[in-house]
Amino acid sequence: MAIKVAINGYGTIGKRVADAVSLQDDMRLVGASLTKPSFKAVRAAEEGYDIYVPAGQEKAFGGMKIKGSISEMIGACDLVVDASPEGVGEQNRALYRKAGKKAIFQGGEEHELVQASFNANANYDAAKGKDFVRVVSCNTTGLCRTLNALKPFGIENAYAVIVRRGADPGDSKTGPINAIIPETHIPSHHGADVQTVIPNLPIVTAAVKVPTTIMHVHVISVRLKRQAAEKDILGAFESENRVMVVESGMGLKSTAEIMELARDMGRKRSDLYEIAVWKESVNVKKGVVYFMQAVHQESGVVPENIDAIRAMFSLADREKSISKTNKTMGIR
Amino acid sequence: MAIKVAINGYGTIGKRVADAVSLQDDMRLVGASLTKPSFKAVRAAEEGYDIYVPAGQEKAFGGMKIKGSISEMIGACDLVVDASPEGVGEQNRALYRKAGKKAIFQGGEEHELVQASFNANANYDAAKGKDFVRVVSCNTTGLCRTLNALKPFGIENAYAVIVRRGADPGDSKTGPINAIIPETHIPSHHGADVQTVIPNLPIVTAAVKVPTTIMHVHVISVRLKRQAAEKDILGAFESENRVMVVESGMGLKSTAEIMELARDMGRKRSDLYEIAVWKESVNVKKGVVYFMQAVHQESGVVPENIDAIRAMFSLADREKSISKTNKTMGIR
Amino acid sequence: MAIKVAINGYGTIGKRVADAVSLQDDMRLVGASLTKPSFKAVRAAEEGYDIYVPAGQEKAFGGMKIKGSISEMIGACDLVVDASPEGVGEQNRALYRKAGKKAIFQGGEEHELVQASFNANANYDAAKGKDFVRVVSCNTTGLCRTLNALKPFGIENAYAVIVRRGADPGDSKTGPINAIIPETHIPSHHGADVQTVIPNLPIVTAAVKVPTTIMHVHVISVRLKRQAAEKDILGAFESENRVMVVESGMGLKSTAEIMELARDMGRKRSDLYEIAVWKESVNVKKGVVYFMQAVHQESGVVPENIDAIRAMFSLADREKSISKTNKTMGIR
Amino acid sequence: MAIKVAINGYGTIGKRVADAVSLQDDMRLVGASLTKPSFKAVRAAEEGYDIYVPAGQEKAFGGMKIKGSISEMIGACDLVVDASPEGVGEQNRALYRKAGKKAIFQGGEEHELVQASFNANANYDAAKGKDFVRVVSCNTTGLCRTLNALKPFGIENAYAVIVRRGADPGDSKTGPINAIIPETHIPSHHGADVQTVIPNLPIVTAAVKVPTTIMHVHVISVRLKRQAAEKDILGAFESENRVMVVESGMGLKSTAEIMELARDMGRKRSDLYEIAVWKESVNVKKGVVYFMQAVHQESGVVPENIDAIRAMFSLADREKSISKTNKTMGIR
């Protein structure tokens, strides 16, 4: 029988997970919660999704058909994907616990909130049978995937400089317009976050924020324990799930052209679920492999949410879940 | 029998028209020309499109399957959609003429090159039976659509300030990064370009370029001959083909949120074929209607190319062609 | 005897007016107020300005030398230039009134707060002897200057589309990064604001916000009562106070190059007090003059504050004050 | 007797070096060359600088007073500061050699062109008595200064990720508007460039380009041979010439606020000759010091050009030259 999934928070992540759940034959979308009447609510209705709103707020949604309250939505599901704004997930957990429902939180919440932080490539089994799981952020997901690919070579230590996009494409309020903003605390939190998925991995990260909306870029260096040539590294990336090797020499010179490729690929919202590693950037010097990768901040974690649901209900093992998620979402 | 259409130039416009032609049952895509091996060529092949390249250039495309030369492509079609870079269309016309083929050019080419400049809303019949037709640019198309909607009120004169995007989303070379660039010649060419479609329309335009990639915005004022209330104007826009009224109050506060809506709508490449008019911006003061509209520069002209093909072969009258194009492309 | 001037709010405008007051021999800077210890406070101290802080907040400023409380600053001056954040000026007015001090407010405050809204070119005498005066915003100041220059030709009506910068150069929080944001209400408030300075001027304005930090651009059209050639208009602009005609053909193609020129001119903070009108943009068609101008949002109103002080104390007539301000500030 | 200095190329670097030479009592500015009549030429004339143009081009400069040809300028000087566009310096060297003149080239030229690559902090003496010297680029200069400060701690190895500005503030052509562009070749050329100044320094660099105009940011990690606490490192930076420690906690949160501080400091063109290191970013973990620094790409190398001139003519030793340059240019 299909797992009944509710989406609490229909923003950047929530709306994508809703679509992805709808594509699965072992899951059923109960509906999604919205707190304000906006074009997003209208779109959810046009998708045919049942809409739930805070109790007593139905009138604010004018003529829109409202299915029920958020509590009712929680009551009607087996699992909640909590995609509410950063920090709100923590407050919601009490509700889910009280209702006896499993829940997935997103990377904006703390690891301490859950029983396992999750990345399908790196620690699928850690979520098995758990009630509260956290899908790590897009940046952490990106690092987990490619570092997982490098595991066979032995990781002595890893260092990543994260060049973050300043705001999402649909956000017209947040800046900067013309500045580079350092996260002056080094190490940044991303390294510790990777360790919630891959314990004991020696990794340090640092981050800056820049005026672009479309992707993060990671500049990564990894000291390997075993010798590896560039073609070995590329081979590892090419075989890794949800990692994609792209060539600058084929016109994919920046995040702009990579997202253009994503648009040409024709997925909904022009999303790119894969981490894109620039082929030319893979360079091995004196035992250190250097590479650069681009992360589509809005969509990279969406297939991870689907796999996490399967793991939490033991619906499938790692290989089978990943393969099923990829097939339904068009990931190669 | 289906009209055989070749696409000469597989860039921003060409690749979209190729997809749109593929959706029509009265047209057949012969293939598309490419001059360089790049991710665009790979994508075209993955779409299953036959690829044609300049004679003698096959080797540069490595292992890719090449169908033939560009001349062969021209020979094999009934009509060429010329989507080559600005100014190149002029040189190509001689080839098409020599081969005895009809051709459609894009808005970057001069009106003098063709027998009719075209916009489906405003002058569909002008292209009927013609050999060389030009689909006007995205900005001109946007102006033609909404001004066509206002025709019933009588246009005493129209004035539009065009705030242009600086580069397309897939372009990482062109700026400005932090400047507003005026087109210091006023009137800008856009007004005269509208007149190639709607002769004798008294219109003046001025333009500036700004550091954004996603849409143009037009700030328009039209002195009407007949009295009209805001609701009349909105009604006219709502009934006009490929015009869409959007509400800032529903969260569509800028071009960022409008393109986010387009992404949510799920069309390929997250395109928005419709001109979006902000409802709140429609204001009538002392006989002048003011309004602001956003134009998706990459896709607005794509359905126009399809309609132009039908007009040139007299495959269908205006209503029928527009309706068929809209239905196949998912335009409401 | 020199007028004692206090600056309440040491931000974008306040710090500039403090410097400008220091250059005048008929004024004396009492000091400036700051609410937080930051690099701005350090700079103020390095300039040798006396610093006043909210009563009881001295400790927050660590080792910095604090002269006294804001109330003490108000008590010690003849006039306060209120450069506090938008909306705060209204609350401050009661303090100034109670202390029996004159005050100047900035364009973010309402006209209703004051006895006169002010622009030196257009209505210097309106501020004469007044207690509460408001220097209109940078956009309104820009419009007042060039429209004042056109008065001799008779203004039948004026229309301006204002392309606003999204944030100031020193602001790393505000966006948009990649969007055009319309002010959907047309007319925008700027037109009515011009009328607080030039009553009965028939003017309509509309505005959009774009991702740039360095200047606003106005696209203006004015129907004239009397015939005028382009050279007449240019002549009027060239003779107008604090208006500067620039040539795109001399490399000043955008706001970027105009601000580069300002940097080369060597004024503090690379400010440009003058409104820059692009020579090539001045075009007369059928009785309408079209032109485009760029407004440096941070500094354009600074000399206006100085002139307003002189007017309020009847220290000098219009010509003399403007000439003195210009000379001391290096305005040609 | 004062050294006669000519500036060949009056762009971003050239115009600044011209101003800096004018401030020195042991140098005399012969003049500057310009190839096109533009606002830059007008400004040079207004500064009172003699203008030289390519022979036969005088007429193109209209009414401007031209002193002579570029060859005449070369003939009249003791040393040429070549600030021509990247790559042109190489062609010019033959002219300087033929005329028997010393010359300084900028960082866009190859090290192989000169006898020494130069940074005042790190290798002043290397330029002593030389005829052809190259002042390394702004990025290399920034790295040389702070790495020079760390020398006493012993540098085991250094790694820097360079987040480059996409274009200069006065450039309205170059992008990207919305993308991150990797330099896919790792190591980037900057590391090898540092080694032209500090031979045998084990350093690797990688670089990306982002849509901002105001500063580069370096994310640096250095493994030290000797133990050092954060306060030791900060002390070293604070004592290093032309390095400035800034606090994010004092409002200097990004490159935007740092350049705002530079504007408040009142130097011409709001330049910042110092490398700004964020205090909070200095973190020592397991023998590695991490820090982030911002580099004003337009002005950082200007004092270096002045010092290079002194070194080449043995006018002063390192300490004396640096101190004199700093004093005249207002560098603390």
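All chains are identified by letter, namely A, B, C and D, in their written order; residue positions are counted from 1 within each chain.
To be clear about the criterion, contacts are C-beta pairs under 8 Å (C-beta built on N, C-alpha and C of every residue); 3 or more make two chains touch, one makes a residue touch a chain.
Note that the coordinates shown come from a computational prediction; the quantities given were computed from them, not determined experimentally.
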Which of C-D and A-D has more C-beta pairs touching across its chains: A-D
Centroid comparison with chain A (C-alpha atoms), farthest chain: C
Between chain A and chain C, centroid-to-centroid distance (C-alpha), Å: 47
For chain C paired with chain D, centre-to-centre distance based on mean C-alpha positions, whole Å: 35
Averaged-CA centre spacing for the pair chain D and chain A, given as whole angstrom: 42
Shared interface positions of chain A, touching two or more other chains: 169, 171-172, 176-179, 181, 211-214, 253-257
In the complex with chain D, residue positions of chain C that touch it: 15, 36-40, 42-43, 169-172, 177-178, 213-214, 246-247, 250-257, 259-261, 263-266, 268-270
Chain D to chain B touching residues, read off their complex: 166-167, 169, 171-179, 181, 211-213
Residue ranges of chain C in contact with chain B within the complex: 159, 161, 163, 165, 176, 178-182, 184-187, 204, 206, 208-215, 217, 219, 221, 248, 253-257, 278-281, 283, 285, 288, 290-292, 294
